[in-house]
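Both of the next two complexes hold subunit A, though its partner changes from subunit B to subunit C.
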Partner chain A sequence: MTQVMTNMPKRTEADRLDRGGRLDRLKRRPEIGVFLVMAIVIAAIAVASEGNAFNALGLKNNLSIISQFGIIAVGACLLMIAGEFDLSIGSMIGFAGMSMAMMLKWGLPFGLGPATPFTAFALTLCMTLFLGWLIGTIVVRSKLSSFIVSLAFLFFLRGLTEVSFRVINKSTQISGLPDYKETSWFADLFGGQAFGWVYDIWFRLGGNANRAGEQWVAGFDMRVVWFILVAGAAYVVLSRTQAGNWIYATGDSQASARANGVPVDKVRISLFMLTAFCATLFAACQVFETNTADAAKGNLKELEAIAIAVVGGTLMTGGFGSVIGVVFGAVTFGLVANAVFFIPAIDGSFYRVFVGAVLLIAVFLNESMRKRITGGL
Partner chain B sequence: MSGPLIRTEGLVKRFGPFTALNGIDLEVHAGEIHALLGDNGAGKSTLIKTLSGIHPPTEGQIYVEGRPVNFRSPRDASDAGIGTVYQDLAINPLLSVTRNFFMGRELRTGPGPFGMLKMDEMDRITHEEMVKIGINVSDPGQLIGTMSGGQRQTLAIARAIHFGAKVLILDEPTSALGQKQQMEVLKTMMRVKKRGGIAIIFITHNEIHSQLVADRFTFLALGEVIGRGTKAELEGEDIRHLMAGGHEIRDLELELAAV
Partner chain C sequence: MKRLLLAASAAAIAGMAQADRYVMITHTMGTDPFWPVAETGGRDAATQIGAEFEHMFAPSGDMADMARLIESATATMPDGLVVTLPDAAALGQAVASATEAGIPVITINSGEEASKELGALMHIGQSSAMAGHGAGERLLAEGPVGKALCLNHEAFNTDLVTRCQGFFDALDQPLNMIDVSNDVAQIKTRTAAALQSDQEIDTLLAIAPHTCEAAAAAVEEAGATGAVKLVCFDLSPGVLDLIEAGKVDFTIDQQPYLQAYLAVTFLNLYNTRSGMIPPEDVPSGPGFVDATNAAAVREQAGTYR
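Coming up: the complex of A and B.
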């Protein structure tokens, strides 16, 4: 006779999830991988550049490019969490820059007279937000992949930018605009400088001096402020608000979100408008800082934005991602992109080698993380 | 007993030339589990999608508590007290228990979608509702992906009830689960029934499960009702016969023997 087993398991279902200690939970955070990469890159570049990458000017230049990457990557990240791509970001940057510079040089359209930095920016923003809305609406209505719809706009907008330049301006570049940031507070918001006190204190402490012993660098670029604002707002919205829950829900399973009354179409259209907004911000900082525009501006930026979002732990399939990870990713990519200026021995194209390698590793890590947290589903 | 909680009259649904439902009359009463049985393609899914506001009916009328209703969206149906738990559960595996529980109906302070989430309160309510239905979630912040299939079903049911479902439509709640988890879901259904006031429409392939919990049966085949009755009225043999869409199991046995 076989013995009947009667001792039922005393473990409950809840016991099966081991929450682990603080270190375990830290290891499970999506940002941990990119944080380690960032730490290594910072250390390596600091050593290889003999500290020049983080002296007064190095820090300013590095933070400037980090912020450029960050502004568009945060937008791309939120859109990717909602399960969509926007390949038109780069062309949108070119379009917005062209639009602002042309209005400043040739006046407002329809004979509305000369443009101020504010009217040029406002009118351009209206157009880019409309384009973002249009892309989103086409994606939502047609149920086509956003990859293909935004790819169409990548070509369309770049072409439109070049044609507009040639027809109106006879050249695909504008340079020598007046230095608006000196005369207009609005232009100064984008092209000016901020956090001058950091450099003032630095100077008083004995650093930040040029050969003549005067203060060397006056402040960070304004786009650093914009990056902090955009990333901070995105972080709060994503993790603390109802809209954030909608964004996650939309990307995780659109059908589920819809069945529970989440306005998934509005969420997606709004996020396409957000990426258009980020592209416009990027362009405004560029135009008002350098007082130039070029039809090639923003080329390939959409792919860098997506790469940064992925390296920051955002899932290609949507539903998961973190703004903090994207900030770390932007720091990493910005430093490596700029490294050639501080380490003359290396070839600048190593940047792309680095991007490719890190991207591939990140995708594998993200996929294994997704499997782990969903129990292999 | 008062009138049925939900009633349909001559419900017809056509998709172009295809007639998915051909005049369905259905009555579901509070405090009962109503099993809706039928083979694949019998129209079960179309029927519940019509009841839950995904498809508008081509003809016929739905009544909730005696009042005629016209659902234009799933939101309308859930506002009228019809909570549907789909086969895929409408659950997001990458979100936490709480975030799933309140998906689309988040508690917030402040205006519009940019109001701050009341995370503590939502965690507390989720925990309470899950305990009420028989699962003690240790951490409402855990991801759904870490829960078992039965627990996910239970979460979806608890969510529907919390948000005011008087009619609970369960679409094949046991089909994708292991044996033990199936029992868990059946127990959950009985607990909900005990609370009273809620009607459950239980769509299933599994006649054993339906006999275990259901009070009333409706059988569908080719978009029509081919049989109905209470548990007392129907014998096991009838159920099996009707499950097969009215075909005799004996015929099948003969056919199989002839192969």
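Coming up: the complex of A and C.
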């Protein structure tokens, strides 16, 4: 093998695509469409909010919402590349949040005594991963559309969450739990803060001061770290590993992927477990940050995750998409959903209008880019 | 033996037939922490008077679905109906046909204006405008109020907008409201954003407990503790903590337990005491919870309060 490689000329077959300069190559990246939209949105919001949207607190809060969206969108993107949908993400968030808060308040099930943040999270993750496996297995075995199967779980899990709240807790909201992130490093991993040094430096440089002149913001929310980890891992898997090739192949054509020995069913089931994992992560970050949970948590988040994946250039039909695109999509979507509130001149109710407009513009751009890159496929 | 059994079961059936059956239909989608409290009230009242009690709601939140529920409940001929009327235009027909069929109806929570017209016996609730107004008046009594902002988690819910409107009417200011969504992380970031973009804001009105808790975190984060006053609607253990910690001035309790409890009790009196009924609507709120009574309310928050 090594021998063949060294004997080969420097140019390879793939080089025929490599014409033109660096700029030309950049223009042919699939993420370029959403990148343009993101750049325009950032610039427009910075100007309209007079910089408020990107001051110390603005940056922290915007990144918090972006990460929250990003975590579930990355999961949704990988699953969509493999040609499937998961509409149960939002309900899974609600279920996971309910499960964790309920254990923290009422103790572990089966009389196993009081819960710690770690046991509550671990047990919840076992349940959600099982549910993800169950959804995937039903899709694979029954050959039904994942749209329908996960839609069923959207209702099933939301209902289960609500019923559990009402039967066990007698109220659909849990609040007033102790602040676990103060006492448990594990809760702090989800609900605490990170990258404090950025804000420390910012403060030394003369910014990041509140009205009293003291340091204002201490750090970013931990979910920013989780977003970076999840997106980084997904990027590596998708572009550098065999599993990544399997995911693309599964979404492109299941029959030919299977004929080439790709474990199509395993790939799809694991990706349903991935979206369940992302939903659990989303819920854990919220539960341990605010020490509350309610039955409406995560409502409609599945559609937002899919919208971001699509804004990021993921194809609804599978086989095409990139994690970098989804990161740009999450930034765009998160900013539009949050930053409008920094602009006093615009009524906050307009944010859904902007979200809709941005979604449509990004998809048009992506589509024309993709046709140009792939030569009209 | 057989005869004895027959007699016993006949007595049981007769007993069941005698037990009144009350049906409550509300506009909750099942996720709001408010309604389980009301349901407990209705159930407790029914248990005390030995009646049966059912609570029904349309999880879709669709008024047309709720109207169907009222119609099908009417078809079972209960001894009394307790309904909420968030949209009298959509539900009026169904309620009117229940009253025309001779079923005593009491409206609770919302729909005060349309209640009498549709033939309901009375209305038990807290007028949103009056409650919002009350919150504003109380704030003014405590001291001067600068610019206020209302945090609405359901901007399309007219009744919640009325709470904000009443508050601003009392303050004599134009309505200033933002849609903070139902997601706790977004409620916090949007509130912080609004506080940053307009430094003149010194008063926040959060019209739900989860909004209240998130808004308190946002005030702290924006470095505005002490400079911005927070007042809220409804109760949760977290809100009580905030009141005791001095981070929330007061919260308005519309006492949902009372709404369903009184409705079932009054229906029972109407049925068994030859049409006995209070001649006027009964307000269930506003009740104020502040630092003076927070501890007493705490034990029952989320279940009875």
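We take it that the second predicted complex is superposed on the first by the 338 of 377 C-alpha atoms of A that agree within 3 Å, B and C clash if a C-alpha of one lies under 4 Å from a C-alpha of the other, contacts with A are read in each partner's own complex, and residues count from 1 in each chain.
What we mean here is this: a contact is a pair of C-beta atoms (placed from the backbone, for glycine too) under 8 Å apart; a residue touches a chain by one contact, two chains touch by 3 or more.
Quantities reported herein were computed from a predicted structural model and do not represent experimental measurements.
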> Does subunit B (first) or subunit C (second) touch A:Phe95, or do both, or does neither?
Replying inline: neither
> Where does A:Trp226 make contact in the superposed view: on subunit B (first), on subunit C (second), on both, or on neither?
Replying inline: neither
>> For the overlaid complexes, name the partner, subunit B or subunit C, with more touching residues on subunit A.
In response: C
> Now for A:Phe190: first (subunit B), second (subunit C), both, or neither, which partner does it touch?
Replying inline: neither
> What is the contact status of A:Trp202 with respect to subunit B (first) and subunit C (second): first, second, both, or neither?
Replying inline: neither
>> Counting contacts the way the document defines them, which residues of subunit A are shared by the two interfaces, the one with subunit B and the one with subunit C?
In response: none
> What residues of subunit A sit close enough to touch subunit B in their complex?
Replying inline: 12-15, 17, 19, 237, 240-246, 248-249, 252-253, 255-262, 315, 319-320, 370, 373-375, 377
> Which residues of subunit B touch subunit A in their complex?
Replying inline: 74-75, 78, 84, 86, 88-95, 99, 102-106, 108, 113-117, 119, 135-139, 142-143, 145-148, 151
> Which residues of subunit A touch subunit C in the complex?
Replying inline: 49, 52-53, 55, 57-58, 61-62, 64-65, 68, 159, 162, 165-166, 169-173, 175-176, 210-212, 216-217, 286, 289-292, 294-299, 301, 337-339, 341-344, 348-349, 351
> What part of subunit C is in contact with subunit A in the complex they form?
Replying inline: 30-33, 35-37, 40, 59, 155, 178-180, 182-186, 188-190, 192-194, 196-198, 209-210, 213-214, 217, 221-224, 227, 236-241, 301-303
